[in-house]
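Dropping the structures in below, format is structure tokens.
In the two complexes below, chain A is the common chain; its partner is chain B in one and chain C in the other.
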Partner chain A sequence: MNIFYNIFTNSLNLGLIYALLGIGVYIAYRVLDIADLGAEGVFPLGGAITVLMIVLGVPPAVAVLIAFIAGGIMGLLTGVLHTKLKIPSLLSGIITMVMCIPLAQLINGITNSFESYSRPGDFVGSVTVIRMNTIFTFFRGFLGEWGYILASVLVITLIIGLLYWFFGTELGITVRATGKNKVMSRAQGINTDSRVILGLVISNAIVAMSGSLFSQFMLTSNSTFGQGTIVIALASILLGEAIMLFKKTNFAVSLLGVFVGSFAYQLVINLAMRVLNDNGYLKLVQAILFILILCIPLFKKNYANLKKKMKAKRNANA
Partner chain B sequence: MLDIINLDKTFVLDGQETNKKHAIDHLSLRIEEGDFITIIGSNGSGKSTLLNLIAGSIEPDEGQILLDNENIVTLKNHRRSRFIGRVFQDPMLGTIGDMMVEENMFLANHRGKNTGLAWGLKKKQREAFRNMLEPLGLGLETRLGERMKNLSGGQRQSITLTMATMNSPRLLLLDEHTAALDPETAKIVMQITDDIVKKAHLTTIMVTHNMRDAIRYGNRLIMMADGKIIFDARDEEKAQLTVEELIKKFSEKTGDVLPDTVILNK
Partner chain C sequence: MKVKPLLLAALAATSMVAVTACDGDVVQIGILKFINIAPLNSAEEGFIKALDDAGINYKLTLKDANADGSLVASSSLTLVGESDLVLGIATPAASGLISARAIKGNDVPIFFTAVTDPVFSGLMSDDEAPDNNVTGTSDMNPVREQVELFTKLGLGIDKIGMIYCSTETNSVIQKDLAAAAADEFGLDFVFETFTTTDQVAAAMDTLIEAGIDGLYTPTDSTLVSAYSTVKAKADAANLPIIAGEEACLELGAVATLSINYFDLGRITGVMAVEFLSGKSISKLPVRRVEDMPLILHVDNAEGIGLTFPAELLAEADEVIDN
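Let's turn to the complex of A and B:
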């Protein structure tokens, strides 16, 4: 029983942190209709900055904020590359990702130079800080293990609340309109370039925040953390939409759906990893599960067709 | 009011210099305040290109567009939208299906104003939107909270029209806005168009495939071919026109017969 309890809490922890990642990617992917691969680099960058800041004595909450801002700056870069320099969005994201990873490595190297914090044998670009004071420390103090979950829940609630507010404001409505129909938006006098940039800034800022929480949860920062984050994010979004069944309802509910998807995804992954008992297969399992999730619409269609056929057969027999 | 001077646009097709299309051929046109102009012409005559040039979706190679003596050619598309209202042929293009009716109307109502962090949709605004939709007689005033995609093409186009004419634009551009609708709905939308334009005294340019509409509505009719204006009639002269005369005029001027698609649409 203990094993399943561990899997459950671990999935809930990671599910919450990755839900933040999913929400960030959701802004780019669903609201702006841009597949922004920059998340792969922005995620570890957010983590690296956070760990350095905490090591330098910055309060964890402020460190999260700094990571948030840094992510926003990388989103600004992707946005400017795409809208002003007319580079296709997919490439713009990849360029940002490629730039972020060595940056994260560099920052981890700086953190590593404070020798007392690093473990011998860690390769450059990876930092492990065991005695780190994190945003979770305070909550862990009086809630133990559930403190982690409470802290993540608070952060996510805050972000969903802020996003719900923002996308209901005058400015937010124009960002949503830009993502849905640029021709119409321009005909309504909206500067669509600036709205795309703003959306990418928000998206990447939240992704960096997720990386920040992830590093604080793991007590490490590694420039390779980002590998496969886009798969995790998109899988969470799509799985959430499949589970929640009402794809285009209220905006806040959609974001909650990302969390549900993220949690379910982590649960399946964790169970699979328990069975395989080898962490080396993690990304492979994630990718295979992602393929299955992408096929959900196809399964649904085939199932509906099958049901129709069965019914027709039954009617014919009767 | 609107002065188009020596406007010229050539499209290079498929990136090949040898494959060019002279869409607008040194065209000049003066539009007076309050004119309701209908433009007809065969496919590829440059009607839609002219509207796109005025709205700023494409840039001309040469020429000026003066709105009240101010050159607007260098103004970007979204900047021009602040004083130009526009309705497209495709009902799906003029409104956003995934957003609510009231959100779509909010965007139009906010055209040209600063967008800040104030809450977007207010109660007072909803009341105003309801009052705008009521005269359409389509029962849309009760459906503000519904998604646009749940409405029919005619309903969507009627709302787009209402949106395009909010805050009295200085110019209204209609690009075959009834062409994608069934004949009955097209008739209703055309009637609504005429009501709105007359009531607000809007300066309007309407491109149409429908010759009868071109004659029935507006105070001035322009026929285009190969990027040029080949016939221009206004007021009295226009009121006397018939479809047969127009077809005759077309073959006289171009030495060509109007394509079936245009004639069938009469």
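Let's turn to the complex of A and C:
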């Protein structure tokens, strides 16, 4: 069953990398209740920085950390634009996204300049560095394809662990409280602006980390890699929530739910890709799938109502 | 749980695919195309034509990545995992296939086409003796010969300019080649870059102020989308334009040596056939289109008061004259 094995491992590989993206967006979208579109730019920026660092000889794990910090800085920008300059959150995210893409191209230009063709000031859309060491290289040595999966699992476990710990501390709880009810939090003496900024810093740092892993996975950096990441992230979050049926759940479990959703989403895309031999239609399928995922809560509610009515009818008949 | 029926339907469809994919000596060929545009489609048709001509018994799986990073990744993984031979059309597709092969840990031969410079792009380290089980065809336009055309126009041109979009890696490569060629033919060379099309007019003004007598435009899709601006500025200064690709002749250039993407794809297909009949990839160096017709556009030339010399007209393979 080579074909099913492939579908499974391909979806798991991409599902894990995009789960990190989903977790980042989850912090902004669910914890802070802010629609931050910055991910579309922060994702390729994280990739571009990682590739530059690796080409400069920085160990891959350190490169991931640098991408993480860079993402945090872009999150800081979104947060300051939103809280201090009073720009609506949606717009703040878009501004960050627009800024990130030329930045990624500028960094790609620097990476390329080592190969003599471009000058450090050039804006370059994509660089291809097929031969480079990545954080996957070590694990790949003795586990092959499963080495990639193991490396991603380790990174995600680390991130979920850190987030679980952080959102359990006093500071973390105030961030969650700010997202739940800003007015009440302020009344409790919480500086809500700083908590929103902190949340966005964490969110964007994790998104950049996901971009960093993706670039190491694909052995290249491309300023267009961010296209569609918001759809992938939101679909993962919502699908995860629909699959994990518990209503009130532990924070770490809901982050795990994002991974389950991300894996399920990649699984469906992988299956759809095989049914449609020429995947020119795949974008259309993605959009329709997204609509279906968005409608899951509605379906659930209608189903529950229907069940209640049936029961009432049965009781009336009895 | 509305997801389940969808998943089940997809699973059922997959098992059908799985059953048909189990034939014995049929060659499984996977093609990943980066984006659905005319030149890449022609290359794909050319590749398939070569397979058909050689009577290869194959089953084709075609994926179009829609220029989307996540689709490049999942399509590459799918194709590399289940094909006997894969073709990547355009650089991002080829690089996606190579990284997918590293992940899958197998040794599927990878062919590429419509890649300008495979060595610079990191796809291989030597295009004369391919390593890494990767080879294919390059769509590098004959920049040197195109620049040489300036000396054949009979205008006494001694300073040429070039304009390109700095975010296009391919254009940066062509700029270096054009500068070297200009040097070889004793021409002065200046260049201007832009990042977005609204800067094209200003870049053209700077070039004209620098006193150029002729303009070279590379194969650059961003530049092509702003070609009317380039043409208007060049006309006002009576500058002949020599272009990197045939499409620009319709847009105002006077001459080019053109590349035919169908031929390029067909040559790649011929290489794949040679591989399938037992030749090792290291013996299949990267090929380019050798037959590049010289095309002249008389109307555009007349617009700037240029009459082509008789020798050049005699040399031309095609003369457009309405």
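Here is the rule we use: the second predicted complex is superposed on the first by the 284 of 318 C-alpha atoms of A that agree within 3 Å, B and C clash if a C-alpha of one lies under 4 Å from a C-alpha of the other, contacts with A are read in each partner's own complex, and residues count from 1 in each chain.
Assume contacts are C-beta pairs under 8 Å (C-beta built on N, C-alpha and C of every residue); 3 or more make two chains touch, one makes a residue touch a chain.
Nothing here was measured: the structure is a model prediction, and the numbers come from that model.
Per the definitions stated earlier, placing chain B and chain C onto a shared chain A by superposition produces no clash, and the two fit side by side. Contact with chain B, but none with chain C, is seen for A:Met184 once the two complexes are overlaid on the shared chain.
In the overlay built on the shared chain, the residue A:Thr128 is in contact with chain C alone; chain B does not reach it. After overlaying the two complexes on the shared chain, residue contacts for A:Arg176 are found with chain B alone; chain C is out of touch. With both structures placed on the common chain, the touch criterion links A:Glu145 to chain C but leaves chain B unconnected. In the superposition on chain A, A:Ile232 contacts chain C only, with no contact to chain B. Set against each other, chain B and chain C touch different numbers of residues in chain A, with C touching more. In the superposition on chain A, A:Gln266 makes contact with chain C only, while chain B stays out of contact range.
Minimum C-alpha separation, chain B to chain C, in the superposed model: 25 Å.
Residues 1-3, 6-7, 10-11, 13-14, 17-18, 21, 36, 61-64, 66-75, 77-78, 81-82, 91-92, 95-96, 98-99, 102-105, 120-123, 166-169, 172-173, 176, 193, 195 of chain C are the ones touching chain A in the complex.
For chain A in complex with chain B, the residues that touch the partner chain are 166, 168-174, 176-177, 180-181, 183-192, 248.
Within the complex formed with chain A, the chain B residues making contact are 55, 57, 77-79, 81-82, 86, 88, 93-99, 103, 106-108, 110-112, 115-121, 147, 163-164.
Remark: chain A residues 1-4, 6-7, 10, 13-14, 18, 102, 105, 109, 112, 115, 117-118, 122-131, 136, 140, 144-145, 148, 214, 217-220, 222-229, 232, 239, 242-243, 264, 266-275, 277-280, 282-283, 292, 295-296, 299 touch chain C in the complex.
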